[in-house]
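Below you'll find a set of structures to go through.
The two complexes that follow have subunit A in common; it is paired with subunit B in the first and with subunit C in the second.
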Partner chain A sequence: MSNSNFTRRGLLKTSSLAGAGLAMPTIFTASSVAAYTNEPDGSGVTLGFNVPQTGPYAEEGKDELRAQELAVEHLNGEGDGGMLNTFSSKALQGGGILGNKVSFVTGDTQTKSDAARASAKSMIEKDGAIMINGGSSSGVAVAVQGLCQDAGVIFMAGLTHSNDTTGKDKKANGFRHFFNAYMSGAALAPVLKNAYGSDRRAYHLTADYTWGWTQQESMQAATESMGWETANNVLTPLATTDFSSYIAPVLNSGADVLVLNHYGGNMVNSLTSAIQFGLRDKQVNGKQFEIVVPLYSELMAAGAGENIKGVLGSMNWNWQLPDEGTKAFVKSFGEKYGRPPSNSAQTCYAQTLLYADAAMRAGSFNPCAIVEALEGFEFDGLGNGPTLYRAADHQCFKDVLVVKGAENPTNEYDTLEIVEVTPRAQVEYAPDHPMFAGGELGKCNPGA
Partner chain B sequence: MDALILQILNGLDKGSAYALIALGLTLIFGTLGVVNFAHGALFMIGSFCAVSLSKILNLSYVTLDETQTDFLGNPLKVKTPYVESIFGADLGASIIDWAVPLAILFSIPIMIAIGFIMERGLIKHFYKRPHADQILVTFGLAIVLQEIVKHYFGANPIPTPAPDVFKGSLDFGVLLGFDANAIIYPYWRLVYFGFAAVVISAVFAFLQFTTFGMVVRAGMADRETVGLLGININKRFTIMFGIAAAVAGLAGVMYAPINSPNYHMGMDFLVLSFVVVVVGGMGSLPGAVAAGFLLGILESFASMNEIKALIPGIDQIIIYVVAIIILLVRPRGLMGKAGMMED
Partner chain C sequence: MFGLGKHDLKILIIVAILALLAPFILNPFPADSAMAQFNAGYPDLMQRFAIYGIFAIGFNILFGLTGYLSFGHAAFLGVGSYAAVWMFKLLSMNVLPAILLSVIVAGLFALLIGFISLRRSGIYFSILTLAFAQMSFNLAYSVLTPLTNGETGLQVYNDDPQILMGPNSSTVTNLFGLEMRSTYTLHIGSWNFDFAVGYYLCALIMLAMFYLSIRIFRSPFGMMLRAVKSNQTRMNYTGLNARPYTLAAFVISGMYAGLAGGLLASMDPLAGAERMQWTASGEVVLMTILGGAGTLIGPVLGSGFIKYFENIFSKINENVLHEWFSFLPQGLENIMVWMVSPFVGSGWHLTLGMLFMLIVIFLPGGLVQGGQKIMHLFRRDRPEDDKPGAARQSTPAE
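Let's look at the complex of A and B:
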């Protein structure tokens, strides 16, 4: 008579546990012996650059990738060092990160949330990326930030301007260097008041997705607080290419300012339509009709051509700034690529250096150590003046640029001119501000 | 009232683009029986003919201006177009300014050649294959063409302005007795509407009043009988493919100042143009044109704030709602032949 310990119930329990283990995504199990996800073994460290390489923002993605490659060069001690020479923290000396030579892999977000998550997941699981950086869309940033939180890696966002990224969708493993829609409104409103007066009626055309909504809400609140009225807000589908039927009713509405809460191709097309309809040549309510584009990028400004002349907007950074950090970065970038960097390139470059610096100061790649090093970190020398990575929401606070389309451009890169550098104090807000309400930062996740 | 007139005007220029693309699609379907999903790409290539000519006319030699510096602090490279050095500054600048209208002449031979190459090199091998195969191969071709354009021109829109003389807008309201600014309309969009009317009339006149057109129409009605008469109808149909490509290209050339050309613009128009063809009636040239204008105007009306307040989102679905209704109550389309799509 044999004496076996196997029972039917025990077999079922064991099988179900084994099955659950096998079914669990490798993202949560691959480095089960490591302290955290993709812990380097000392031979090198891999960063994942997730940018749009195809689709409508491919040119922006290309510029981000140029900056990220340059950052890796500088981290490894190659080239002229760029902003490492001007960065207030001196932890980075060009010897890689914590003795590890830095390499990188790239993914294509296609500016689609599902594609961006898939490419980030692939870089984390297959290539061992320890940090994900890049992107040109808030929808993508929110999606990838959520993935990185679950996977236990750090997400250093690229161009994402929606309040939600560090508002209701904020995550402990995610950090945003780029400014946001609230800051655009806070910086632009006083300039608009000075330029166009406080007795104005604004008509908003707004891209119908997360960024557009928060941008419109921020601009409406900021302009109404200085006395403007809001005549109308019309949501335009993201896929719209011909805005004529949305532009045509604007003059009949009694509005004397058109606010285009559009970005990228939407902005180029809606602004082109508005200029074609001669809006800026008209007088309404006894005043010159004006157009405002709250968020500018150099690449899209080039797409809009001479239509942007004199049109006010805001930016995170511009290559024409006079500070030493900007000069160093523009020199490195310009000599390598023959063109000045865009503001999305600068934010990706700065984010890569900030991650590396945090790892050096923490003495570890553990995401929780990185989070601790970045929270409340104050720094300077990366082109934006004195900057704070606020602990409460992982949003950077720094000066914001108000710019306008160049009136007399002297070359193809001279598309925008700086009107004002709005001081950081003017664009700050409380972490529990209603526009950022909801959501919890949560706890850092080291994965593994 | 003024808002209605404004939306009719808006619909006319949208409809012009739909009608021109749908006309070419119908020509190809009516003659060769091919469902050509690459037709939107031909519209896009037409726009890039305007971009290319503009770039050619702006080819420049470089001189260094020691008094100014570039972003790296080096002496500024000042570009002077060869056209200006050959024809003088004023005439040269005028030639560059008129790049888009000049691109009409530039694009016709290019588009006809592209049409021939597409038809002879690829599409003729799919004449006897099911429509699903034709759709797959032409859709694939469209993606290849747009990726080629993106490779050479980049993903960003490229501003291609109309001549200075057409900048600004006409105040229709004042002409019709309304208040100033009640009905304004850009000059170039009026030019586009007029241009579309001329091209559509020319295609109809060509088919109606020339021997070549008569043979093509006979071939569309009964290909076998025309063939039995000893006429090489396939050769004529190939030429019609080239003409259809040229019509799509011309629509694209003149559209360049309306929306800055980008590699994806063909896809934006393609699905809508197919809906136009279905609503107008597969194979019906007058149907394609009528449906193009009808749907353009309906789309404009649906974008009115008053309409959207009643039915949110109607501006995005109106064309498809009309298509569904037409397919349910009159599957052959507004002007399609009896029996077409009614089996």
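Let's look at the complex of A and C:
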């Protein structure tokens, strides 16, 4: 029961206490002696690897983590050096970064923006991480990129395919090595034209969130520019597991190609459903019905199994590429873990090396110096051939792979085969392309 | 003082001491020792302790007092966050209007959902709230993208209107110029203690909210709510209409959740749709039950417990384990790492789940009951004259 009897004395006591409490935070003000956030003191430098370890993309995240551990070994001069030997920049010699031994901390993004930001923050605030690397979702990438911009550390994105990451949500402290939805469309369209002709009607099923939309928009623009028509675009909620009600209308729409703008488990389910409905055995408008999956990953290919045979899609990198960098990386990854790396693993590995290299070339860990060293940086030898980190939007430009489900897989990792390596020039676009418009890079922020 | 009884005042003072000295209490290990892994005294986590403490205190007003189990409380947290970020986008980075609006919006939203959901009780009420929360999540995730920025989450951009911003205004969240992220680090020997402005704002609001909840628990209104829990039918027969009371409790706890959401956004100006997902709603239920539903301090303890696991245990990876066991011979070291690793790192859910089971089985009253048992051991001779902190009920929660 309450006993509220106000007295003058009580009121004074209470208000003075409250006043003291309110005034207290003003005693503390920021004390900044460091030139930038988490400046290393020469004894070592800590990288933060923020990947999904639980949730739908956990397997991808764990593969990223393996690659990042390998990268740290190579930076410290352990192991066989991997891509350090093939990298065109020779600043890294396996003696850590700028004389600092490299160590790392890990965090679990849970594929949720909130959790990802919390774990990135704890790595920055508690463990003194100088950069954040990795992740497996565009939503998470954009969220963590914003955080790193505010906190004054470098962010390198991992697997993120949405146009927005280096489009309307681009940030000066963030870089993306992965390709994007626009590039998928630009790479796939000519191959689709050769394979299926220029007189086709496409039906899109699209995951109903930002990545799905940008993917669909890019595919529609690319296929329409070569003469295809778009019959319909149906948005499917992200949580959908049974796609049969979405597949049935495809047959009556007069379309002869189905484009599945889905990723992960969504794509596995929608593709399986489409195969079960016998879509690929149908003849429409006198042509064989075809299915296209714009974005592939090894994990999805393994999940969809038999169903992806002959289905075309695009990829950032594949372990079967013949160049020297890829060979060296696949070899040292395979020796350590007994399996070939996934394309998100390669992305995270390459990004770790690129960060270290930028720090070496800049002679400093200061985020602004690193941004300057990475902007407009051209290199070779990390897979995918000659590569550019464009200064205008911090997007990486390199060759894109068009792949299809292997017809006769020889082992469990041989799920996808390379159809074409699309040259970089064909997937380039202007920084102010309408699909990437809005937003600005801003200025690099060193924090502190 | 403060119009509280002796016992409640004691609890309030304990909570106040814990909250104000948290930077010391949560950083017991020197920064360069191996045990530093278990330090939790960095600003972000301390802020989360305070904010989720507020969330759980609010949830407890509904669940602990009336027994109505809402499975959709995260919706209010999410709505609060969105409201706050919109204030940052439209007005300025001052947190005060953001927090005020988040409370108001969450309150209105709770009034709407509560008005409909409270037509049923028991499991039907839980399902209704769950349905509303999932609906809000889906709306935020895709349908209302212009308002919520969908999957990516709502952020503040440089080209937002921010009509109250002058040329010299701070571009990070602040309270009249006092930046939330500014931190003073005190070095004593090899210990580092962080005092962050953001944390102290959260802690002071948490204390105020804790005080408010004590007053509600002890008020005639709180007594009515308990009556709803113990026997609503009998209450109806005596001619009392329970609905206004339950609705008021629902709105109050929704406003608490909105406040927590607004504070989350104030510490870190981003609002993501996952904040509304059913897992987030489930989490606050776990926090409350883990700490002790219906007790005053329980929810605060429970939220701290879960957030500690989420942020500290999830970061122990195999490398860290190898360091810990490096004093053992190679073979034994690998065996130890192999045995422990499923329970840390990505396996933190497993550890938390087992602890939750142990607590629910052996301490149905939550951590508070555990504390009482320990206290009881030390003063067995004293008669049971002083009542425990809050009226714990023998009837299990609905």
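Going forward, the second predicted complex is superposed on the first by the 417 of 448 C-alpha atoms of A that agree within 3 Å, B and C clash if a C-alpha of one lies under 4 Å from a C-alpha of the other, contacts with A are read in each partner's own complex, and residues count from 1 in each chain.
Keep in mind that, in the parts below, contacts are C-beta pairs under 8 Å (C-beta built on N, C-alpha and C of every residue); 3 or more make two chains touch, one makes a residue touch a chain.
None of the values given here were measured: they were computed from a predicted structure.
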Which superposed partner A:Glu229 touches (first subunit B, second subunit C, both, neither): neither
Subunit B versus subunit C as contact partner of A:Thr272, first or second or both or neither: first
Touched partner set for A:Asp150, first subunit B, second subunit C, both or neither: second
Partner chain(s) touched by A:Pro237 [first = subunit B, second = subunit C, both, neither]: both
Touching partner for A:Glu375 - first (subunit B), second (subunit C), both, neither: neither
Residues of subunit A touched, compared between subunit B and subunit C (which is higher): C
Contacts of A:Glu428 with subunit B and subunit C, given as first, second, both or neither: neither
Which of subunit B and subunit C A:Tyr246 touches, first, second, both or neither: first
First, second, both or neither for A:Glu125, with subunit B first and subunit C second: second
Touching partner for A:Asp323 - first (subunit B), second (subunit C), both, neither: neither
Footprint overlap on subunit A, comparing subunit B with subunit C: 54, 58, 237, 239
List of subunit A residues in touch with subunit B within their complex: 54-59, 232, 234, 237, 239, 241-242, 244-246, 248-249, 251-252, 265, 268-269, 272-273, 276-278, 281-282, 284, 299-300, 302-307, 319-320, 330-331, 334-335, 340, 410-411, 413
Touch list for subunit B against partner subunit A, complex: 2-3, 6-7, 9-11, 13-14, 68, 70-72, 76-77, 150, 154-159, 161, 167-169, 181-182, 184-186, 188-189, 257-260, 262, 264-265, 268, 299-300, 303-305, 308, 315-316
For the subunit A and subunit C complex, residues of the former touching the latter: 1-5, 10, 13-14, 21-22, 24-26, 28-31, 53-54, 58, 62, 65, 69, 104-108, 112-115, 117-119, 121-123, 125-127, 138-139, 142-143, 146-147, 150, 162, 164, 169, 208-211, 235, 237-239, 439-440, 442
Contact footprint of subunit A on subunit C as seen in their complex: 1-3, 5, 20, 39, 42-45, 48, 138, 141-142, 145, 149-153, 155, 157-159, 172, 178-179, 181-185, 194-197, 200-201, 204, 207, 215, 218-220, 223, 268, 270, 272, 274-275, 277, 310-311, 314-315, 317, 319, 345-346, 348-349
